[in-house]
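Let me begin by handing over the structure; questions about it come next.
Labels run A, B, C, D, E, F, G and H following the written order; every chain starts at residue 1.
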Amino acid sequence: MESATASIACIVNGEPSTLPEGTTVARLVERLALRPEVVAVEIDARLVPRAGWASRPLAPGERIEVVTLVGGG
Amino acid sequence: MESATASIACIVNGEPSTLPEGTTVARLVERLALRPEVVAVEIDARLVPRAGWASRPLAPGERIEVVTLVGGG
Amino acid sequence: MESATASIACIVNGEPSTLPEGTTVARLVERLALRPEVVAVEIDARLVPRAGWASRPLAPGERIEVVTLVGGG
Amino acid sequence: MESATASIACIVNGEPSTLPEGTTVARLVERLALRPEVVAVEIDARLVPRAGWASRPLAPGERIEVVTLVGGG
Amino acid sequence: MIPEHEADQPLVVGDTTLRSRLLVGTGKYKDLEETRRALEISGSDCVTVAVRRVNLDASKGPSLLDAIDRSKHHILPNTAGCFDAKSAVRTAELARDLLGTKLVKLEVLGDEKTLLPDPVGTLEATKELVLQGFDVMVYCSDDPRLGVRLQELGAKSVMPAGSPIGSGQGVLNHNALRILLELVSVPVIVDAGVGTASDVAIAMELGAHGVLLNTAIAGAREPLRMAAAMRDACRAGRNAFLAGRIERKLYAHASSPMAGRIHGAGGS
Amino acid sequence: MIPEHEADQPLVVGDTTLRSRLLVGTGKYKDLEETRRALEISGSDCVTVAVRRVNLDASKGPSLLDAIDRSKHHILPNTAGCFDAKSAVRTAELARDLLGTKLVKLEVLGDEKTLLPDPVGTLEATKELVLQGFDVMVYCSDDPRLGVRLQELGAKSVMPAGSPIGSGQGVLNHNALRILLELVSVPVIVDAGVGTASDVAIAMELGAHGVLLNTAIAGAREPLRMAAAMRDACRAGRNAFLAGRIERKLYAHASSPMAGRIHGAGGS
Amino acid sequence: MIPEHEADQPLVVGDTTLRSRLLVGTGKYKDLEETRRALEISGSDCVTVAVRRVNLDASKGPSLLDAIDRSKHHILPNTAGCFDAKSAVRTAELARDLLGTKLVKLEVLGDEKTLLPDPVGTLEATKELVLQGFDVMVYCSDDPRLGVRLQELGAKSVMPAGSPIGSGQGVLNHNALRILLELVSVPVIVDAGVGTASDVAIAMELGAHGVLLNTAIAGAREPLRMAAAMRDACRAGRNAFLAGRIERKLYAHASSPMAGRIHGAGGS
Amino acid sequence: MIPEHEADQPLVVGDTTLRSRLLVGTGKYKDLEETRRALEISGSDCVTVAVRRVNLDASKGPSLLDAIDRSKHHILPNTAGCFDAKSAVRTAELARDLLGTKLVKLEVLGDEKTLLPDPVGTLEATKELVLQGFDVMVYCSDDPRLGVRLQELGAKSVMPAGSPIGSGQGVLNHNALRILLELVSVPVIVDAGVGTASDVAIAMELGAHGVLLNTAIAGAREPLRMAAAMRDACRAGRNAFLAGRIERKLYAHASSPMAGRIHGAGGS
């Protein structure tokens, strides 16, 4: 329940999505119910090192990429 | 119409056929309207040299092969 | 000491050799100090089965081949 | 007869050579008894177009390359 | 007129002398006119034909013989389609009576699926035909020692398949062909398997004395163009063989001189 | 006069139109006369030459240019022996000034041992020469995507080595050449590696637009005969490509009819 | 425990030491369990993975990482699917942040049809990633001089494609691989093109330091059996390379002695 | 213990059942100890030996039989060195009397230079030995129809030479071996010609039931290591054959997914 808070619009993995203002990368990963150890995050084509996830809030319009490892050769 | 003559039964190129008694190989080739220079003849799996066509009458039941040259590699 | 006995001349593996009369194949193999289980014997291009070695005396002029197994591919 | 004239030192095709002051590229080619139509000339790694041969005097210390065509694949 | 730098010996098989080292078949063409033109363009002076029953019902049309100018082309009858020595011999006898020539290409096949030659029937028929005075050219596998056996029986030419009839795979075993060429003295003519021009060139470069093909021309999208290609490839391969090719190396031998390069162009 | 069944398009490179698809080098011949005759016999109308320092001491003999009839042959100067872009560009400029033509064969080599092209220097020099208005034909590896990059830079022809210069191994990677031909639209001319006639035929059958060679002729035991062989092989391979070859099969497709065989000749 | 007669050096790439010379991919398996078992059977201790967007809708299932025992296998992330240097670099950075390792397999592809590497983008990305401290293993063509350029830029391994990704044609150009091995000092690992076990053996016999494959196992009818085949083939090829094979000859060298044959067995 | 994913049928020849599909010769080793170790490492359970005159002068040393543990290895005597059917039959009889087994590898050679098999003598001896109750394994050429004839005569295995004995060229004609495998039902064991590990893998991948070799191990710089390589290559090739390899394609089939790539990584 985020009702009281203002929200921002970002693009996560190509999908427009609305997030509570002040959402950090760490919080986003948590919201997406992802295991942090199996993902990495980029904002506007620039890596956000995992050490900085907790202190990096998302800004409106940012393009976030959340990636993981899949089978490949 | 060979009615007056007695006839014999032979096999020519696998087909049963009735021929006037005394038909020679030369006569057979003529009856078949074949150009002698483009055919060769075997009777019962034995060659009949063209020199002998005129003097070689067919006997009942003989198996005649009349061959020619066709495209091949 | 074969001195008292008459002897015969044979060819063993291509070499002329003189043997006591009555020498059997078995005796020959023994004289040659060969291990029976690693050789086979032919006389005049015909096999002498090992079962018959003891009862097969050599005759003058016979050509004996004594073979064994060697490395091969 | 160049005796009266001062002279300059250049390097032609890697060989040090002394030339009368004021020698032009055209004159050099002539001195070398080369057929102009089968050679091209570079000074200090820069092409001297044949149109400019007559008006291009050599300066002391310049490195001249005179090339032609040879068999090649 | 052949220029002196391309001079060559003719190909002699028994009593027959051939100017061209390309032998061509006459099967599978659209019509007799296409056959005639393909033969002419190929430059071959020896063409193969098959022996078959006259079709008694067919309208008496022109014969294949009408399409072959016997003043220009030797006719080489084959025993294609025979699966035993006896019928191959019968077929050869019929061909000789029809053509009045003793040259024959012997084929004794093993099965209809692969059309590969049967070595046993082939040896048997070769012996019989040689006895009967034929000049026998023998279609066989590329087994070098089989070729030796056929020559011992009196074959006038051994004709190893480069690859199966009509497979278009060219000469699959260069080594076997090379050894066969060392072991026999009669002409070795690669028969069957040619798919395209380079296959002919390769066979000739390996030292084969000639190449026989049919499907590769008749089955091409443009048979006449392919006939020209085969004519040129046979000459090219033969001349390359006679000219003595350069050696193969792992790498590099400059064709332009390394000396006299302009200042600064030097390498390592 | 080319018969209609052998009709073909000319090979167009930039502003140059060639009738023959065989390009030949002029290196390593015994003398200028042998060079002249080999060029003539080859039927090529484009010959490569190298640029080198005039030998100031040498007696002023005839020039290579005297051996080349420019009314019959286009002259393609190369930058052989250059190991960096800069000297390759200088060499091209000298050649253009000497010949008055803008056609050049760019070679930027990586090392003297293998004489393989350096991709970095080759890309750099191609860019510069195109800017200067040359029609650049680029000697390169058979890396298909490198060919695409060179075309993007404005190369008028890509010239992949079939195998290393002078190695005589022919076209080692058919697959790479096939893919390159799919990816680029400028003429692809196989350059270097040819050892014998079939190598040329194979390159053309794969769809190459032309073949350039030198050592294979000049280094043969009989250069003039080999020149004839290469001429014929190039035509043969090209016609075979255009004629549409038969497919490859595991085995057997009879070229003589199976129907109508005589009684008893039947197989299994 | 490896017996003394099979002793070998480990394969060292940058800071990573590998016991097995077989590197395997993790793509295209039926499920994670099949992936896990194939990796285990292959005996490889270096497995490649790709970086992709998390599927936000998908049920949160197990991750590929759960199928890979990192105590047994080094994980080699690739930049597959990148068509320019910039996205390849971004992908490498993401992988390094996720895995905490600096090893990366760089792929910059030229087009989606052939998936062949783009030499220009590959050179550019290699330079950037080396600057950033990655241990870069570079997927590239078999152009030997390109390999030299990549080594000069600091690549820790060059990984030439034996043939196009997934084509199953094995090592098409033995000569190029041999020369590359002469020219570079970093490990050369054949990447892409393997179709079956002998392809791996051949690459290793040519002297390659390792082989990377994926489709050949995952796409086989029986992936687990093929994983075993590849494991054995890699060892077989490596040992054959180290053991020093016999020479190739045109023919014949008896393995059984010719002396001491029985009377009458003599040949010609 | 063989894991289930590598399960296989044994190789059955006549009354003999073999666990390993690798058969090895015992010729040309440094000494009996090296022979013994190589056999052991190879994992083969069938070893070939030759029959020769006892050396009457030689010191009575240990016999080859002492080096072969007959509880582990079947002994396959050959008739190597025989150039006619009669001496081959005599040799087989001697071997049977000595070993008490009916298994024999028949070799009737054509000449000492190539050591290629003589088809006529081979057919004749096969017939005679089968009549005498031997289980005959026949060394022969790769002529598929010759293989059929040998099977008709009762041969228990046909053993085509991949290439000439000791030539180290591997299987030169894949097509012939494929067809032979289609035409005969007895085990086909490639005999002779193997040079290195991949040759064994290729033979097995083509579907051969086994491979026999000798010189490739004994003549290697490190025979024991090569014995291990051959053991692994035989298993690898067999498993690859059973696992069902991927198809060959001209190019490209991505092993990493194309979907889910990060923003901007997209290709053309």
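In this text, a contact is a pair of C-beta atoms (placed from the backbone, for glycine too) under 8 Å apart; a residue touches a chain by one contact, two chains touch by 3 or more.
All values derive from a computational prediction rather than experimental measurement.
If you take chain C and chain G together, the chains in touch with both are H.
Minimum number of contact steps separating chain C from chain E: 2.
For C-G, the equivalent interface within D-E, A-G or B-E is the one where over half of the contact pairs agree by residue number, namely D-E. The distance from the centre of chain A to the centre of chain C, each centre being the mean of the chain's C-alpha atoms, comes to 95 Å. If you average the Cα atoms of chain B and of chain C, the two centres end up 71 Å apart. Per-chain Cα centroids separate chain D from chain G by 57 Å. Chain C and chain H have centres, each the mean of its CA atoms, that are 35 Å apart.
Residue numbers of chain B whose C-beta contacts span two or more other chains: 14, 42, 45, 65, 67, 70-73. In chain H, 25, 27-28, 50-53, 78, 80, 90, 94, 111, 114, 116, 164-165, 167, 169, 175, 179, 214-215, 250-251, 255-257, 260, 262, 264 are the positions where the chain touches two or more neighbouring chains simultaneously.
Pairs of chains that satisfy the touch definition comprise A-G, A-H, B-E, B-F, C-G, C-H, D-E, D-F, E-F, E-G, E-H, F-G, F-H, G-H. Note for the complex: chain E touches chain F at residues 3, 5-6, 25, 27-28, 41, 50-53, 55, 78, 80-84, 86-87, 90-91, 94, 109, 111-116, 164-169, 195-198, 200-202, 205, 214-216, 218-226, 228-233, 235-240, 242-262, 264-268.
If you check the complex, the residues on chain A that touch chain H are 14, 42, 45, 63, 65, 67, 70-73. Put simply, chain E touches chain G in their complex at residues 175, 178-179, 250-251.
Interface of chain H with chain E (complex): residues 110-111, 114, 116-120, 123, 141-146, 148-149, 163-164, 167, 169, 172-176, 179, 183. Across the interface of their complex, chain A is touched by residues 255-257, 260, 262-264 of chain H.
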